[in-house]
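Down below is the structure, laid out as structure tokens.
We call the chains A, B and C, going by the order they appear; numbering starts again at 1 in every chain.
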Amino acid sequence: MSFTQFNPQGHLRHLITLEGLGAPLLTTLLDRADALLRPRGAAPARNQALAGVTVGNLFTEPSTRTRASFELAGKRLGADVVNLEIQLSSRVKGETMLDTIYTLQAMGVDLFVIRDAEAGVHEYVAGHVQDHVSILSAGESHLSHPTQGLLDALTLRQHCGGFAGRTVTIVGDLRHSRVARSAYHALTTLGIGELRLCGPAPLMPPAGEFHRARRCTTLNEGLEGTDVVMMLRIQKERMADALIPERADYHAQWGLTPERLTLARPDCLVMHPGPMNRSVEIDSTVADGPQSAIQRQVTNGVAVRMAVLEHIAAGRLRHV
Amino acid sequence: MSFTQFNPQGHLRHLITLEGLGAPLLTTLLDRADALLRPRGAAPARNQALAGVTVGNLFTEPSTRTRASFELAGKRLGADVVNLEIQLSSRVKGETMLDTIYTLQAMGVDLFVIRDAEAGVHEYVAGHVQDHVSILSAGESHLSHPTQGLLDALTLRQHCGGFAGRTVTIVGDLRHSRVARSAYHALTTLGIGELRLCGPAPLMPPAGEFHRARRCTTLNEGLEGTDVVMMLRIQKERMADALIPERADYHAQWGLTPERLTLARPDCLVMHPGPMNRSVEIDSTVADGPQSAIQRQVTNGVAVRMAVLEHIAAGRLRHV
Amino acid sequence: MSFTQFNPQGHLRHLITLEGLGAPLLTTLLDRADALLRPRGAAPARNQALAGVTVGNLFTEPSTRTRASFELAGKRLGADVVNLEIQLSSRVKGETMLDTIYTLQAMGVDLFVIRDAEAGVHEYVAGHVQDHVSILSAGESHLSHPTQGLLDALTLRQHCGGFAGRTVTIVGDLRHSRVARSAYHALTTLGIGELRLCGPAPLMPPAGEFHRARRCTTLNEGLEGTDVVMMLRIQKERMADALIPERADYHAQWGLTPERLTLARPDCLVMHPGPMNRSVEIDSTVADGPQSAIQRQVTNGVAVRMAVLEHIAAGRLRHV
């Protein structure tokens, strides 16, 4: 693609996809996120890296957790944060969508954090804003959720110490998952040993995608000896569409139970992006068990978002 | 109950009910709230007692006044405040409700301010959060509204100088009122002379409750010589349920008019938790008259919430 | 009218309409707004002029741009800002509307920023608040939008250097436009040379209004030799009401095209309050062209609102 996420000085300007970002940059972001973590219950890391910067959170729904995570990340870095309940792609025409962005940009919004269900919105917007403005994706259709990919990589690295020689298994609705795609980009770039995919056939990704991953036909095959298993949320809509069996059947075939988890390495880490459908894709015994990293993922999410905001702010083109 | 609102060091950790809190603690909170009040129009009291602390306001409706009161209290103490429009108890299952809490806790929310229409939600959540996290109720079903109870006690104390020998009358829908229950706990603990209850028979509380209060059968009996009268909001739903007479009839029997108020002591204070149904439970002449403390209650509410937030933050178990 | 926006010391206390404000005051506000502007991409101007002041934004819809503009203006001046989604005039009775205001006032809200579709709400509220409290209109029915009038005047002054001898043309639904009315008050007070109005006959203002303006019957007549053209947003409701022709017809008669714009002065500035109906009242070539000041208007809007907030805060009656 001709679109680049970097500014002319080679510094990361937008974060819309992890595709095409190199391992050194990803590692820099993970290292910084690690440095921003604090012990449970301690006061969170704070600094003024975003003092004078205005962050606009544009989410369709007012109360998503990702919005809260970005809001806290921005506030802890001293930014002014405004939340707007706006679905950009619902605007009638492209120009109208841009008008919303231009208006906020003219008010001094410097960093836009955007969730949108329509593919291409982020890149389109990024191609039209002024050169001191950055676009961060907080989720784009089924395609990309870059800060989720980073937090997943960070959580894995904290557990495994690194990526080489490690096996990760992603289970569930891979076809519609932006979480899986961003994890794939992060983990393959960072040199994961093996990436396995498994899920119901109608929910497996098209043949041209995830080409460096191994496709497994059963959950048992996917789990055997793996270091990390990432369970994906199954949308009830998929069941309504009859793409997949009902709840109980799904659980029987693809749900992560304590018994099945014994197929993996004894210290296998269990991840889930949330929110979970307990007793469907994952049993509560597993979700709340000692191998679960689900809450650590959320904590890492704030740290990763702070690292990304800091990094982008540091490279901004300022005309003072 | 086995649940305790105190941490192992004996410091108040949660505030879900006033039941079981001793007079010295209540007095400490009221004294501090008094110290946080400023003259009308002066800049509000501010400090950094909650610097580094993140407060999550979880309210079903986005714009309740209690949410604004807690938000301002938190901000004036230097906290990071995030507002989320979430009804915990509407979540399908208990685990899902906890997942929402766990997620926010993992983002660093330290103090949860929760309003919920279902009984037991606050205590259930408090029983599952990490030991540096606190739960504050901003209203629980018909059971408890502790900061309202405190602000009512504070308003009374400012007027009467104390509680001993004083008479308070609560009028209206006592059966469904969390305001009345929290006032009862606060005032009886603080040594009120006499507490009278009156309202339509179907809206009087069950026999086992409010056992230290005197039940009156007419408003006149309730008002005679009282020092303070607290009018409760009558919900229109009660009339639709035919539990009580229509608007005009309710006013005729239980509405506070200037004439009726003359039955009380000449300086009798009039309170109402808001929002009022004017011309139903209270006449505007009374609500806006010289004996009304209704706005002072609101002002006291912010001060009381600051005092509670400060107190709980001071006793937090920090692992630094 | 007996209502005054000034306090007893002659200082501006409320800003509900520009009608009756003198040129020196308007000039002071515009000068200050100019001083608060920063180059594109630079950190915005900040100070602590509103430290200790609480601003309440009361808007019916949660995500209007004007709300975001006032929120950023308040935060950049160090105010505590609370957003409430409240439509005052939808309250059942006048007293109930005031109760909402009284409650927020009692929590320490000092400056109310109110948008309301009902005429008279702002003045009514201003007549009842305590003397340290101010009311700022963010839009009142079809009558007034004072900060928009100021930002329009500022944008014009930046371009033309002044008002004397200049011609401004306002095009569109003048009858229902609070933007046009506030622009009229600002520009005539500041000594504009000529103000022209044009639009479909059913959307022209009643005969008694805009008496210092010249009414034109065609767009061409309105545009000829003008220095500034302000296009108004046409509401789709007007077309549904059959007050005006359909979209395409409206554009043919009253839409600003590049060809028509050549009738004006070569450097004629094009303004629009937003959001635009592109291809209806204005062509994209014009809206995005070199003569467009539409985004500059938005930027000026934040600066003007900061200037107004600062000015009002400086004159507040404080009882410390």
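The rule we apply is simple: a contact is a pair of C-beta atoms (placed from the backbone, for glycine too) under 8 Å apart; a residue touches a chain by one contact, two chains touch by 3 or more.
Small disclaimer: the values here were computed from a predicted structure and weren't measured.
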item: Same-site or different-site touching of subunit A by its copy subunit B, using the half cut; value: different
item: Subunit B onto subunit C, rotation angle from CA fit, given as a multiple of 5 degrees; value: 120
item: Mean-CA-position distance for subunit B and subunit A (Å); value: 41
item: Per-residue overlap in subunit C, given as positions that touch at least 2 other chains; value: 62
item: Contact set on subunit C toward subunit A in their complex; value: 39-44, 46, 62-63, 65, 68-69, 71-72, 75-76, 274-276, 278, 284, 295-299, 301-302
item: Subunit B-facing residues of subunit C, complex; value: 51-54, 56, 62, 80, 82, 84-86, 93, 95-96, 99-100, 102-108, 110, 130-133, 316-320
